[in-house]
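Two complexes are shown next, each including chain A; its partner changes from chain B in the first to chain C in the second.
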Partner chain A sequence: MTTNKLQKNDIFKIFKLSRMHPEEEKVNKLIEEFNSILELAEKLNEVDTKNIDATSHVHGATNIFREDKRSDFTAKEKILSIMPENSGTYIKVPIVIEQE
Partner chain B sequence: MDYEAVIGLETHVQLNTLSKIFCSAGTTFGEDPNNLIDPLTFGLPGALPVVNKRVIDSAILLGLGLNCQIRKFNRFARKHYFYPDLPKGYQISQSDEPICEHGRVTIEDNGTSRTIGITRIHMEEDAGKSIHDARTNSSLVDLNRAGVPLLEIVSQPDIRNAVEAGLYLKVIRQIVRWLGISDGNMEEGSLRCDANISLRPVGQLKFGTRAEIKNINSFKYVEKAIEYEIARQLKILKEGGTVIQETRLFNSETETTHEMRGKEGAADYRYFADPDLPPVVIEESWIQKIRQTMPVLPSEKKLELINTHKLTEYDAEVLTTEREFSDYFDAVFKVCKDAKLSCNWITSELFGALKKLHIDFSNNPISSEVLGELIKLIKEEVISGKMAKTIFEILIENPSKKIQEIIKEKGLKLISDPEEIRVLVNEVFKNNADNLKKFLDGNNKLHGFFVGQVLKLSAGNAKPELVNQIITEELKKIK
Partner chain C sequence: MFINKSIKELRKGIKQKDFSKKEIADFYLSRIKKFNNLNAFSHIHPINEKDLNNSDISSDTLSGIPVALKDNILSRNNPATACSKILDGFIAPYDATVTSKLKSSGAILIGNNNMDEFAMGSSSENSSLGNVLNPWDLNKVPGGSSGGGAAAVAARLIPVALGTDTGGSVRQPASFCGIVGLKPTYGRNSRYGVIAYASSLDQVGVMTNSVEDCALVSEIIAGFDPLDSTSVDVPIPNFSSTLGKDIKGLRIGIPKEYFIKELNTEIDTSIRTALSELEKLGATLVEISLPHTEYAVATYYIIAPAEAASNLSRYDGIRYGKRSKDTEDLFDLYCKTRTEGFGTEVKRRILIGTYVLSEGYFDAYYIKAQKVRTLVANDFKEVFENQCDIIACPTAPTTAFNLGEKCNDPISMYLNDIFTIPTNLAGLPAMSIPCGFDSNNMPIGLQLIGKAWDEETIFKTAYLYEQTHDWHKRIPKGFE
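== the complex of A and B ==
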């Protein structure tokens, strides 16, 4: 059985995807913690699951629908007010495309 | 070495539902920024998605329209990516279990037709829109579009050139409008398309390295983007270089494509089945129910117009560009029972008048019953074609007027009684004794002059063929 240990560059890739800038010592601690979680998950690999379908839902319900009716949410301003920054009714965020 | 292009299109069709795919926020285009949001849009704690049933109905309908197999057991999947136009951190989509697969559609180009395979159609939610402002180094996010239902149609790489790509896209637009599931408006983004393009030496089966072109939002640009990209790759290959697999953006101002910058490596979307959404099971009975609501498709309708109604290929094409044209034609024909006249009146008189008055067909003031009735009166020789045009012109300005009312007011009544016309003919002969003499002496050109005079005397109401015939008869008598 192979152990898929998390490497430092994996962490950096995830941070990059999430637009986050980690501190070096925190990364080391994260790797340590996360690898112990992975080790725990590895234990599950000991079970033979060859003929068992992957479980995505546990409650067994299917076909839960709503009719196509519009109803406006009444507390829109409240949601917008918890955004870090606004401009009019727009949400203002740091620029997301790299500049040419 | 000669190369051929291999092109596949991914088309996003925005559905015309009243509410979003997983929540009841509205979907109207052009509302104030962030007016169509709710807790689900932001993935706020406790917010759960519930599927809009009409999205499933629409997907099944499109699947049937594009000859697909419909999957029985469907799950939604989370596609993770980090971008502010999707605050909950993932897009709900379908991954390896799309609702429709293995379809096909036929495109026609100058009488030759080709089949383009449809790999899959899947359901997903749209993302929001961002406006980038380099000056303030910020982006403004509007989430009205986030969660609007989309069907993504992925074609097989069966398309070989820019013209075929344009035709394919037009057929897709025609079908989604025909089925009534989308307005297919490219300007408002209801229909968008990405193109995968690669080149390979003619005769080679293996595909070359492809580039994906994003951001194509008009029929013209689809062709321009593909033409440019084929030329770009051809130049690289001819110079002995290699094409890099990458995503490129089309710039509509320069009509060129350029490398998309700031795109994070090969994206890892970490797809998994969305545990918040129970599976959707589509039994055969559901598919049958949708099939019963399906209209005759434009390609079949076109054949019906040509074969049953004996219309020309061109006329049939015009009448099937939109379902409302074709439905209107059927309704007019039902009243007057003359396909050719119905077609002519719709495509020349009606379309012409609407265009002149800047009226959209959806606001056409002339009902199919009225136009059918008008054509019927021509057929029954109650009025002439010319009179019908006069009536039509009055009707389009005053749609509430009755045809019979106009006939009475304008004294429009075709004189088709030969004796009545004979009186008129003899009166014209009497008043034009000189010309009559010349005519009898052999100046045959004057026949037309007499027809004109009789018609004038009848105030345009005499039936021209009859006037012609009676003039000839009367002349024989004099000779």
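== the complex of A and C ==
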């Protein structure tokens, strides 16, 4: 891990990856905060982690499989009612395929 | 008339017909209304006769007991927004497993508590509904992120509140508000139906005024759930049966890394007094070392944002939640919805998380943090194997701070979680219990950390200590 001071371009790229629009007036302050958080993160460089396993589940859980059995889905109306926009039983979204 | 009555006393009163379930519900509802200046609740649910009468007082442990849920825990047909604009208007289509367990034991769900948006925060100032006030001093924060629940329990607006604890979000507000808060062992309680923040760290925890009430509710919501792939199939213990047992010969570890210069001196004194009282109760104090403690905050603020960035990618305006209007195309719909829907701290963590997971940085930050996490967990494993049965330390380095004090300094806010984060990283159970007040009459919390799956020792120790004082019975001025 090396010290990576982030610049404006980097922040814009991260915004895009995060699917959010940057708010121009807040970007400079954000860069400052971002860099101080990364500085905090770089403290981990002091720790020797050679031959140490990474932990994702603390108690070492293993996969659990359920029986491959059909069950009825009863909450259709409820699920439809929480959609922001729908048409019948479909979710409505903007056009994703360009028309000729 | 119901203030400071334990769950058992409330049950007894209902049974003997001294008062009714409706009277209890009305009493708390009127207090919630009267003290709405605390901003501790995000939604109040309609209560009808059926809710009050569908449980049996002789067999159902929580029959008629009012309970509040943090706004990120789903209860069917009620709002659950994690206090985020992006979920404004969202009505839960199903019950979280912990909610259905509460319902089956007769609990009356009164409403939802205000919180930091998506549980990201240590002060309950990051809510889309405005900040929560600390009932002990209305100029101070209640802690966070389960600050609404902690403030409500402390002000006696509700006898029981369920919170979630990812880096201390049950224990730190419990400490700031002078109440009892337990984060159980990771995997003890189901996360099904709980709005995810950082899935490898999140646990649902109980906040109450007494250790006895905390034990009663904690054993009800515990248990393996096939609907949560990270829940662990271990027997559900009877926490209540450990209350009153002695702690003679119990080895209490005192980690030297938790008594640092950043620790407020009044807290230091208060904790050391509590330790000598535990010694008088028959325990032996052992100095221990948890050498990787100083790396826990940095580890957490890589892992938690990484998991958050992934978890929160589901809020895209497509299937549920808010969708922004007047968007150019699908990409703009995603971006505009998320930009308008998320608050500043949530955006900050999504950006950090996205960055540490992005190509070129994944190994350097995320995998590195997961490795350090192993070392933090190993520190605990080692002392529990060789030196002690339980660990005692402060819950937070300070008492409740002023509103607005840390809002513009995220790092200083993050460092407030320094004593609570390590147990989340290690997946261990830990409780905060009141152990005194500072010179400004703000509560101080003692933290007890147990071995994995050994909440019993925590309950046993906390209960005995609690009986030596009346800290837990004190009520903030103006809320009597």
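In the analysis below, the second predicted complex is superposed on the first by the 87 of 100 C-alpha atoms of A that agree within 3 Å, B and C clash if a C-alpha of one lies under 4 Å from a C-alpha of the other, contacts with A are read in each partner's own complex, and residues count from 1 in each chain.
As a working rule, a residue touches a chain if its C-beta (ideal position, glycine included) is under 8 Å from a C-beta of that chain, and two chains touch if they have at least 3 such contacts.
Given the structure is predicted, the values throughout are model-derived calculations rather than measurements.
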item	value
Touching partner for A:Pro84 - first (chain B), second (chain C), both, neither	second
Partner chain in contact with A:Pro94 - chain B first, chain C second, else both or neither	both
Touched partner set for A:Lys69, first chain B, second chain C, both or neither	first
Which of chain B and chain C A:Leu30 touches, first, second, both or neither	second
Contact breadth on chain A, by residue count: chain C or chain B	C
First (chain B), second (chain C), both or neither touched by A:Leu40	second
Chain B versus chain C as contact partner of A:Ile52, first or second or both or neither	second
First (chain B), second (chain C), both or neither touched by A:Ser18	both
First (chain B), second (chain C), both or neither touched by A:Asn9	neither
Chain B and chain C footprints on chain A, overlapping residues	17-19, 54, 56-57, 59, 61, 63-64, 66, 79, 91, 93-96
Residues on chain A engaged by chain B in the complex (per definition of touch)	16-19, 54, 56-57, 59, 61-73, 76, 79-80, 87-100
Interfacial residue positions of chain B with respect to chain A in the complex	17-19, 24-27, 32-39, 42, 44, 50-56, 75, 81-84, 130-134, 137-143, 261-262, 264, 268, 272-275, 278-281
Interfacial residue positions of chain C with respect to chain A in the complex	90-91, 93-94, 185-187, 200, 226, 229-230, 232, 292, 294-295, 297-299, 301-302, 309, 313, 316-323, 327, 329-331, 333-336, 338-339, 342, 344, 347-348, 350-352, 354-356, 358, 361, 364-365, 367-375, 377, 410-411, 414, 425-427, 452
In the complex with chain C, residue positions of chain A that touch it	1-2, 4, 11, 14-15, 17-21, 23, 26, 30, 33-34, 36-37, 40-44, 46-47, 49, 52-59, 61, 63-64, 66, 75, 78-79, 81-85, 91, 93-96
